[in-house]
Amino acid sequence: MSNERKKQLQESFNRSKMMELFGAEITGIGEGYFEITVAKQEFMARPAGMFNGSTIATLVDVSSGYAGASAKPEDSYFTTVELKVNYLNPAFGEQLVAKAQVVKNGKVLTVVRSDVFSITNKGEETLAATSLVTLMQLSKKAPDKQID
Amino acid sequence: MSNERKKQLQESFNRSKMMELFGAEITGIGEGYFEITVAKQEFMARPAGMFNGSTIATLVDVSSGYAGASAKPEDSYFTTVELKVNYLNPAFGEQLVAKAQVVKNGKVLTVVRSDVFSITNKGEETLAATSLVTLMQLSKKAPDKQID
Amino acid sequence: MSNERKKQLQESFNRSKMMELFGAEITGIGEGYFEITVAKQEFMARPAGMFNGSTIATLVDVSSGYAGASAKPEDSYFTTVELKVNYLNPAFGEQLVAKAQVVKNGKVLTVVRSDVFSITNKGEETLAATSLVTLMQLSKKAPDKQID
Amino acid sequence: MSNERKKQLQESFNRSKMMELFGAEITGIGEGYFEITVAKQEFMARPAGMFNGSTIATLVDVSSGYAGASAKPEDSYFTTVELKVNYLNPAFGEQLVAKAQVVKNGKVLTVVRSDVFSITNKGEETLAATSLVTLMQLSKKAPDKQID
């Protein structure tokens, strides 16, 4: 992955108001791979303390979109076709990490799996959710319609 | 649906910091039915202007959880087992309305469909997304672990 | 829907060895709608007697593909992008009917919902499963690559 | 995995009329893992020659059910809650292999991923589909209601 492409993705991510609100950070980036980490905030939690399903679905959606884009050599415009999340274990940690990996990088459709881990302050990791996301590339270049 | 049960669900919804952040309002409530409306805020939109996939997934998750709870006569504690959203049309409106309807109200598992509509200021409605959500009832009564 | 288009779909269905094996019949056909009925055979049943999940998934897949094709004015070649079935109730009847309705008839992608009902000899109907299926149109015309 | 448990699963599989029809064989079995292989028959193929979506969905369903059962120490009775398949590449091979691995072995719900590979006579493998399947354990022991 070129440094220019990496920079494009980072800048796009930094422009996202949604990710700003979540205090999300990119913690991994590669060709067909994108990783996002958030620290727990009150609005992300259920009364019992674990991260709620909406926060997990949001991280799945965003990490998958960027993973899909990271597998393309040039600026791309994707839309999410469908998203499926299986919640596996309560996410009782203080941080949530979404690790999105492209499974199929097609011409029109891209399929991504994003695994979401909950991490406690002691560093214990739990697989909170797994997912499958289908993205469609709308155009190879659309200056005003980047992924963000 | 008893007025008491209705009030329980409304109070639970009003305690949700996530829904407060989204400025969400209950616009419909019945036995096995729950409807939420939000007005667009900057963090909910893509640069091209339409509502983003994360916002739609969040409304699907929350509306489905409450629809599932509304089908039970007493305070219930649900967890989302899995959530699947199909994005059908760009959500270019100013408001988003999630209409969640229970498809199967089982003893252990509940299945809900939430249709999300985008509404313009002129009142034009577009079906932005449809979904299927599976919920599991963890206990019939858990005072400190209500749906919110 | 033109009679010619209807005939195309019926002939395609009749060429299907899979549907022949299942003894499946078209019991409804319209623009964006396709209905298939099968009578129970031993290989379709679990030991406890109900239709198994594979038979239901097969009817979902086939009925959705034809419903998608029925929404197009001319011979079309589709591939299934993804398929999601929620099993709602045990299918204890003697017949299974899949009713597939197009939810979104897009240029590239088509989304279909197929509801599968179990019917007893007394005519009692149970909703055994609901589903969401995404199809992609590969070409508008491909003589040797019809939907079947 | 005990030899007795392995034998139970094999005998259950051998009783399946559906698997007999498909000429399916168990080609791998372990704790939380189950692998099935089929050779192409005419009813499994589309006119263009690749395996059809229904055959792939059937292998996903059956392999996942047995993988879920293989993670339990004693005879178990499962029902499929929901099944989601993403078709990734045309399955042009002569054989289809479904490799199902338990992702979460829960008390009530089990989640399995089954990857389906298409294999040519030259031994070239293609990932034709991936999936996520949710199973529910209905009872720990039900002599007349084994997994098959």
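First chain written, first letter: the chains are A, B, C and D, and each begins at residue 1.
Convention: a contact is a pair of C-beta atoms (placed from the backbone, for glycine too) under 8 Å apart; a residue touches a chain by one contact, two chains touch by 3 or more.
Being a predicted model, the structure only gives us computed values, none of them experimental.
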Partner chains shared by chain A and chain D (touch criterion as defined above)
B, C
Which chain pair shares more contacting C-beta pairs: B-C, or A-B?
A-B
Whole-angstrom distance, CA centroid of chain A to CA centroid of chain B, is 22
Intercentroid distance (Cα basis), chain D paired with chain B, Å
34
Whole-Å distance, C-alpha centre of chain B to that of chain C, is 30
Of all the residues in chain C, which ones touch at least 2 other chains?
81-82, 84, 86, 132, 134
When you draw the chains as points and link the ones that touch, which shape shows up: line, ring, star, complete, or other?
complete
Please name which positions on chain D make contact with chain B in the complex.
81-82, 84, 108-109, 132, 134, 136
Of chain D, residues touching chain A in the complex:
84, 86, 88-89, 103-104, 111, 113, 127, 130, 132, 134
Report the residues of chain D in contact with chain C in the complex, numbered from low to high.
15, 17-18, 20-21, 42-48, 52-55, 57-58, 60-62, 65, 79-87, 90, 144-146, 148
